Structure formats: structure tokens, C-alpha cells
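In what follows, chain A forms one complex with chain B and a second complex with chain C.
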Partner chain A sequence: MTYFAGIDIGSLTTEVVILKGNDRMVSSAIDLTGTDCNEAVEQALGQALSRAGISRSQLSFIVATGYGRITIPFVDKKITEISCHGVGAHHLFPDSGTVIDIGGQDSKVIRIDKQGKVLDFTMNDKCAAGTGRFLEVMAGAFRLSLEDFGALSLKSKREIPISSVCTVFAESEVISLIAQNQAKEDIIRGLHRAVVNRIWSMVQIVGVHGAVTMTGGVAKNLGVVALLEEKLGGKIHIHSEPQIVGALGAALLAKRLFI
Partner chain B sequence: MSLAQKARYNFMKDLGAPALLWLQEAQRKKRSRKPNPYLGPPLKCAGRLREIMTRHYYLSRFTKGAKPVAWVTSGAPVELLRVFDFYTIYPENHGALCGAQKKGPEICSEAEKKGYHPDLCSYARIDLGHAFSGKTPAGRLPRPDLLFCANNICQTVLYWYKELSYYWDIPLIIFDTPYNFQDIRKKDIEYMVRQFEEMIPELERISGRKYSHDRFRKIISIARESASTWGRVLATMKHRPAPMSIFDAFVHLAPIVSLRGLPVALDYYRILLDELEERIAKGIGAVTNERKRLMWDNIAVWFNLRDWSSLFAERGFNFVAATYTNAWAETIHYLDERFPFESMARAYSLVILNNNLSNRLKLMEQMIRDYEIDGLVILSLRSCKPYSVGQYDIRRLLGDRLGIRSVVIESDMTDFRTYSEEQTRTRLEAFFEALEV
Partner chain C sequence: MTRKDYLLNQKQKGRHLFGVFPAQYPKELLWAMDIVPAEIWDPPLEITAANAHLQPYICSVVKLGLELVLEGKCDMLDGFLFPHTCDSIQNIASVIRDCLSENKPCYFFYHPKNPHGKAARDYYVLELKNLTLSLEKQLGPLNPDALKQRIQQGHKISGLFGEFYDLRAKGKLDVGNREFYEQLRRGEYLFPDDLIPELEGFLARNKGKEKKGLTPVILSGVLPNPPEILTLLDDLGVSVAHDDLLIGSRRLLVPPSNLKDPFKQLAESYFSMPPCSTKGAPIVERREYLLHLIKATGAKGVIFNVVKFCEPEWFDVPNLTDELKKRGTSTLVLDTELNQGLSGQMKTRVEAFVEMIS
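On to the complex of A and B.
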């Protein structure tokens, strides 16, 4: 039996997906990237291999993606996360035409064709607005976990608009709103709106084509998803583990490249 | 103009500059780099180009009292200044030089210290930063007797040159080119010609030299020939494999920008053209394995030329066309010694940044066809708003009409504090992956 692995080394987490020759996902693992990419890869890969019950030598082809892809020495091929998210999203939801991937340090909107190949894409510029990092900083200001932070935004009845899109300025705006005793959930809803507005303008550059699929860690944030669906006027496809879509795409590409 | 100063200038021209060049080349030979296997043999002309540009900057130090000095914007009709024998310095070319030597942030921050905003064009910040601190990799630039500025490339130059004029109390001549929303209008040409007529007595007063119409016509003819030859140099890249790349063209652009109207620029492009034709005959390409052909939109990213040329070459991608390098071949050939003023107004008013976006779209469509382009790399440049505005629309329209793939990357041409290496690399690599079927 042949096995393939995809490794996605992001700014916050590292994911590994192991795939069987018949495209069935055998196992996956997620670990924090931390300060040492190689160690994170060893950890996540070791975990995924033991879950699959196979040894490293049984992997026929490995593809690395994500920001850390360049630093991993033993892989067979390095492919950008843009191509990998396209392939992964297409595999999970074949009707996907537009993929929104929001990770820790950047966000991308990708347009794919019916085979999952990238037609066009756009990314945030050198700025954390509209990325997972923005939400992380804001959740930190409220001393909330990211899950609670997203869920709380749904409880708001009176959204407070946040005027600054800059992460640093938005944080000071939030602190002064907290000092004014404004309701937490209303501020949080405003913050989610700011992120979504930023992403929405990127969606408009690429356009909505077919079904929209969301990948990356921020897809777990209920507040962002709800507001994006409101803008879109429809449902967004989200896999139960949206963080592994890039690694899945990498594993699928590993199989294609091997054959 | 003193005799002693003139003698010193001539001495440096005939003996000082050649000695400096000899030393410089000897040092270069010592630290020669390993050849890059993905790139074809370097252009032999590059040595001659270094010599011309080094000599130009070096001699400028000895102009005081020997020649009048003007600082000029890249799109200004410099031909008129040549009649009065002005030694011309191009702050934008100097900015590119600072960028290539990775001095952008350091010199820009000299201007920022004085309160100039980091969003201001980095060429302007480098120039003002240099004016305040004297910092430059070129040794020393001569203080100008005249500032000469045309607003056909942007509006920023007006305020930037006004600042210099104010600080140094130096005369400033502005050439105002009405924007061409549609075709150029007769009354706009008349307005521009009138400005030239008004400039002549001022230029005579500042330079202490008399206007000569015959000399002007000769200069016009040399400038036109240089621009046409530059156009033919660029057109060699229509061949497969292209004998040079746009990364080469970015460097070899210097004479047509800063020495236009002088015989040295024309002679240089003739030699370069011969070399390129020879490379075509021998089948020598700039990239060893040219598989895909790309087009570049916007100014060059000066601090990254070397890294990027190998990043693309490794994959067999070669840039064979750019709207930027094309700008000096696109309209200057309109110059006509029979109607020097009218033709000069037309040539300088119709440059890409002073012309409407439909014109730019048509030009790019034509270039994509002529150069058989597979993909388009669009640089969005915060420094250059007139170049960057409309790029997303142009990109969409070119995609719809020609099915051309493109990618937008963000950087500054010299100030690498605004550049994110990782993000840009990812964008470019994803674009390469999308271009491979």
C-alpha cells in the first residue's frame, strides 16, 4: 500500500495529513509551530504516522506547504498554500469556485476551476488587518479564548462600529470602549465586522464563482462565518477541521506528483 | 565660470575619470561572482555602461564654475537644456542607484526626520534626505543652478522640486503638461510651446549661454535617434529566446533617461543593439532555458533585481517586456527637428503616465501580442500613485480580453521597509504554479 503526506507549516500551527493511494485520508495531526519549524514538523508527522499505524519509510511522496515549507529539508516537493488550499477545498467540496483561506498571518481569496486548479487569487498586503492575528490580539485584549471570542459576537444586540482597520489602533480603540463600559459582545461584534469587511473587499477583487468554501483556522470562528454568510447571502462550505485543508491539498498533490 | 574651474573640469574629464574607472574595474575583477547556471552569459556592454554612468556621476563633482548644473525630472524635455550645455542630474536615477545599493531606508529616514511622511514617494524622500544629509553612494552630487520639472509623470514632483527650490533658493522651471483624457488637443500643444518660448530667456540668463536654434535641432535629432535605437534594443526581446531580459533593460535604461540628447547615449545603444543582434544570430538567450515569457508593469524594484532575476530564471521564466522601459521608446521618437517645439510638446505630453487608461490598456494589449506574453506581473507601488492607479481594472480587462494570467505584488522601488519577502515569494510562486499546466 502506498501512502502520501502533506505538511502545512503555518505561522501559528503545523498540520499533517496522511493519505492512502485511494485518496482516503488515513490520519491527521495539528501542532503549534512555535519557534522551531523542524521540531513542530517532527511532532505532527510522528503523531500522524502513529495514528495511521505506519512508518515514515512507507511514505512514497511528501509535499510541504505554508510559510515554513522552505525550511523543511526532507520533503520531495514544496508547493504554495494557495495551490494546496485550492486542491484541498475542491476535494472536499467539488462545487467550490471561490476559496477563502484565513490563517494566522495572512488571508487569501482563491478562485479555482472545476479541477481545483488556481485561476486567480488575492492576498492581504503587509498588514495584519483581516487575518487570524487580528482576532488573536483582540481576544487577548478581552482575555478570552478564540472560540469564546467568536461565539460571544453572535450574542450582540447593538453592534459598535470599530473605525480603525489597523490592529494596533483597533486595540487601543477597544481598550477605550472597554473603559467606557460598553457591552463586550457589542464591541466584539464590531471587531468581527471589521475583519469581515476587509476580507469581503478581497472577495470582490476575485469575485464569487460557484460555491464558497472557507478554510484555515479562522473558519472555526462562528462570528466571522456568520457575518461572511450575511454578506454573501448564502451558506459557506466548511469542513469539520478547516485547518487541515492545506495539508490535505498538499497530500493530494503528493499523490499526483508521485504518479 | 572661471578659467581655473574649467581647466579642473577638463583635467578630471581626461585624466581623473579614466584613472577612477581603471581602479574600479580592477576591484570588480577581484570580487567576480560565480556564474548563475540559469542565466545566459552577461552582456559585454555592461562594462561600457558602468563606465558611462560612473564617469557621469564622478565628473558632476567638478562642474562648479565650469558648467551650469540642472536637476531634472525623468519626464522633462531635457533637449532644450542641452542647448545651454547644462550638466544634468536626475534625482530619480540617483534614487534608483541608492535603491540598488540598498540605501533606500537610510536616506529616506533623513527626510522623515524632518517631518516628511513615509507615504511620500521614496524617490522624493531619498532626494530630500540627500539634500538634508549629503548621504549618497555616488560620492557627492553638485548643487544645481536650476531645477527643471515636468508634471507629466506625477504631481509629486511639483512639490518636491518646490521644496528644493525653497531650501536652496534656486530657480525652478516647471513644464506643465495637461493630462490627455482623450486625444491630445491643439490648444494644449500651443500652451506647451508657449511655455518653451518663455523658458528660453530664463535659460539664457541662468546658464550665461545663448540659444541656438541649429544646435537645438541637432539635439532633437540625436534624442529621437537614441529613443528609436532604445526601442529597437527592446524589440530584440520579441525573439525566442530573448537575448536580454527586462532586468537587464532596467539597468541599461540609465543613458536614455539621464543622458538623452547627448551623442554618448546614442553611441551606447548602437553598440548594445549590435551585441543583441549578434546574440540572436547565435541563439544566446538571457535565460538558459526560456519556457515562459512575462511582462512587467511599473517601476523596477531596485533593491531586488539580482534576487528576482534568478528566482524567475530558475524556472525558465523570462521578462521580455515592461511598460516602464518602453516609456522611453514610446513617444520620444515623435521628436522632429522640422517642428522641434511642437513635436517636443507632443512627445512629452503623450507619455504613459500623462495619458488615459484606455491608451495604457491598448498599449499593453499590443505588447502582450507582439512579445507573445504568457503572464503579467503587476507591481503595486505605494510610492508611485499615477502608475499604480487603475491596475486592478487593467488586470481584469486584460484577463477578460486576452485570457492572460496575472499577479499583483506590493513593494516599494527603493524603501524595502514596506516589502515583505515571504508574502511576495508566496504570491509569485503561486502564480508560477498557476502558469504551469
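On to the complex of A and C.
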């Protein structure tokens, strides 16, 4: 049996997907990237191989993606996460025309064709606004987990606008609002709105084409998803584990390149 | 020889050194008055002192120019020339003249915007004559024969650059992107007597060796900085088949004029240059120029490498990318700050674009 692996080394987490020759995903693993990409890859790859019940020598082709792709020496090919998210999203939701990927360090809006090939894309500037890191810092200001942070915003009755999308200034603004005893859920909804507005300006650049699929860790945030769906006026496709879509795309590309 | 050593050497020969801010100016007129124009685009400095004087949203071309002055690195110059390229350069011109030039002469050159009518041509000739009169007060009278000779050299240089561009578009110039623009940019300070033989030598060494299998793109914007972008494109097997750069085709590929009056010749050349945002060219002209380059070279896409906060360029970019995308051309927009290198994110954008068009 032939197996392929995709490894997505992101700023926060490293994901691995093992694929069989028939395109069936046999295992996946997610681990924190930390400060050593190679160690994170070894950990996540080891877990994924163990879950698949195979050894590394059984992998016919490995593709690395994500910002840490350049540091991994043993892979067969390195491909950007933009191409990989396009292929992964198309595989999971074949009607996808637009992919919104919000990761820890950057966010992207990608337009794909009916084969999952990238037609156009845009990426955020070198700034944490509109990324998972922004939400992580804000959740920290409330001492909430990211899951609770997202869910709490859905209870808001009176959204409080946040005037800055700069992570540093927004945090100061949030601390002032907390000191004024404003309801947490209202502040958090305002923060989510700031992120969504930032993403929305990127969506405007690429345009909405076909069904929209969201990938990356922020797709788990119910508050962001709800506001994005409100903007789009429709539902967004989200896989049960949106963080592995890039690694899945990398594994699919590994198979294509091998064949 | 370094740029600084070259300029000092020119000064020792009795020539006058002028610091020239971007971008469009009558180089031949300066040469005729024995001035070596040393263009100030992206000196390799860290911006520290200039940040104290300028708003954060001023582009790094202007900031680096001011930094150069503030760090005392313009002491060897005999004057400055400020073409009216944009509001930021206009403002920095006033600041340098009023506060920082320490009695170094500062000259201004106002070229017409949206230059189509006869009045614009008459105005341009008048500006050329006004600049000449101003320079004559400092440097003595202009020799008309010298001007004619320098205009001929200017045409020779444009012809050589034109040959570079043609050969590159056909894949018959055996140099990478980085080497190409390094050579091109030596024209920003070399005197024509030195530039012409150097360009001829470069052409003789590199022409005719065909390069195959490269993905052609068009590069648009102000200048190819950070130069690591060019190296990355080389590494990815991408060839800049032509450009729409302000330091490149927009001002180098000047067709020769047969007019007898040298001032009218210079004016004719100015009005024959490709459309440029700093001249207020209509967006339709810029779009058509890009479409012409794409068709002529078979380029797979256009990379807009735009200096952050460059107002004339940024005003056009959204419309240009929209228009090109509507016509099926892939585009990539990079907003770069000079001399800042390439971040991992920027590399990812370029790599993803290459994956997309390959």
C-alpha cells in the first residue's frame, strides 16, 4: 500500500496528515510548533505514523507547507500553504470557490477553480491584526480559553465597537472597557467584529466566488464564524478539524507529484 | 569602484556633483553643464534621524533621502535637484532647501502632469529653459554643442537599454534578474562617457545565450527593492521579461527625436516615454501599456512591487489589478519598504504566485 504525508508547520501548531493511495485520510496529528520546527515535526509525524500503524519508510512522498516548511530537510517537496489550503478545501468541499484561512500568524483569502487550483489570493500585511494571534492576546486579557472566548460573544446583546485593530492598542482599549464594567460578551463581540472587518476587506480584494470554506484554527471560533456568515449572508463550510486542511492539501499534492 | 569613490573621482576631474531626487529630469542638460547627477533612491542606510522629522506614512524613498542629508553624507555635493514627482518629494525639497542644505544650491524641476496638449509641451520647454538659466548662474553658460552631444549620448544609452530589454524579452540575454537590474541601476550615477562603454561591454558579454524554461512575468512599481525579490525570482525560475518600473522602462526607453532644437528634442523625448503615475498618466494608458507588454512577452502575470506609502503608485494599483484580472492576467501586489529584506510572509506570497501561474 502507498502512503503520502503532508506536513503543515504553522507559527502556533504543526499538523500532519497521512493519506492512502485512494485519497483516504488514515491519520492526522496536531502538535504545538514551539521554538524548534524540526522537533515539532518529529513529534507530530511520529504520532500520525503511530495512529496509521505504519513506519516512515512506507511514506512514498512527503510535502511540507506552512511558514516552517523551509526548515525541514527530509521532505520531497515544499509548497506554499496557499496552494495547499486550496487543494485541501476543494477535496473536503468540492463546491468551494473561496477559502478563508485564518491562522495564528497570518490570514489569507484564496480563490480556487473547480480543481482546487489557486486563481487569486491575498494575504494580510506584516501585522497581527486579523489573525489568530490577535484573538489569542485578547482572550488572554479576559483570562478565557479561546473556545470560551468565541462562544461568549454569541451572548452579546449590545456590541461595543473597538476603535483599533492594532493588537497592542486594542488590548489597552479592552482593559479600559473592562475597568468600566462593560459586559465581557459585548466587548468580545466588538473584538470579533474588528477581526472580521479586517478579513472582509481582504475578501473584497479577491471577491466571493462559489461556496466559502474556512480553514485554520480561527475557524473554531464561533463568534468570528457567525459574524463572517452575517457579512456573507450565507453558511460557511468548516471541517470538523479545520486546522488540518493545509496538511491534507499537502498530502494530496504529495500523491499527485508522486504519480 | 564603489559609487562613492566614483563620484569623488568625478569631482576630482572637475565635474559638479548633484544629488537628484526621483524621478523624471533632463539628465542630458545636466551632463551638458558638466554635472554628474547622482540619483537618490534607496541609499543603504537605516532610517533613524529622518523618522524624527517625518510622519510615519511618508514613503521610504523620501525618508532615506532625508536620512542621507541628515547624516552628512551629502557634503561632497555641489547642489540638489528636486523634480516635482509627488507631494512628499516636493515637501522634502522645501525642508532641505530652507533648513538643511547649508547654502548648497537647490533646484526644482516642475514637469507637467497629465501631459497631452500643446500647452504642456510649451510649458515643458519653458521649464527646461528656466532650469538652464538657474544652473547658468552657478556654473556659467551652457554650451549648445555640448547639449547636442549629450542628447546624442542620451539616445545612445536609451538604445542600448532598449537592446537589453528586447534581448531579455526574447530570452537571449544570459543574466539573471538581479544582475540585470544591478547593471541598469548603474545608470543612476555613471557619467555617459563611462556608462556607454560599460553598457556595450555588458551587452557583448551576455547577448545571444538563450535561456529556456523560465516563467516570464512583468514587474511594475517604482524600483526593484528589496533586491532579494529579484534573487527569489531567479531561484524560482522566473524571468522578468519586461518591466513597468519607474527606474526602468518608464524613463529609460526614450525614442530618439529628429527635431533640431535641443530643448524641443528633450521635450519630445519626455512626452514619448511610457505612461507613468508620477506624470499623472490616465489609468487607461497605463493599462494598455501593461497589456501590450504582456502580449509582447507572453508574460504569465504581473507583479506590482510598490513602495509602501507611495501615493502616486498606490492610487493606480487597485484599478490596474482589477482591469488586468478582468482580462485574465494574474497579479500579485507586494507592499515593500526599502532595504528591509524579504520577510518569510513576503516570500510565501511570491512563491504562491509562482505556483499559481506556473
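Everything that follows uses one rule, which is that the second predicted complex is superposed on the first by the 259 of 259 C-alpha atoms of A that agree within 3 Å, B and C clash if a C-alpha of one lies under 4 Å from a C-alpha of the other, contacts with A are read in each partner's own complex, and residues count from 1 in each chain.
One rule holds in what follows: a residue touches a chain if its C-beta (ideal position, glycine included) is under 8 Å from a C-beta of that chain, and two chains touch if they have at least 3 such contacts.
As the structure is a computational prediction, the values presented were derived from the model and not from experiment.
With the two structures aligned on chain A, chain B clashes with chain C. In the superposed model, A:Y67 makes contact with both chain B and chain C. After overlaying the two complexes on the shared chain, residue contacts for A:S83 are found with chain B and with chain C alike.
Touching of chain A by both chain B and chain C, each in its own complex, is seen for residues 67, 79-83, 106, 117-123, 125-126.
Against chain C, the residues of chain A that register as touching in their complex are 67, 70, 79-83, 105-106, 117-123, 125-126. The touching residues of chain C, counted against chain A in their complex, run 325, 330, 333, 335, 343-346, 348-349, 351-352, 355-356. Looking at the complex, you find that chain B touches chain A at residues 392, 399, 405, 408, 410, 418-420, 422-423, 426-427, 429-430, 433-434.
Those residues of chain A that touch chain B in the complex are listed here as 67, 79-83, 106, 117-123, 125-126, 205.
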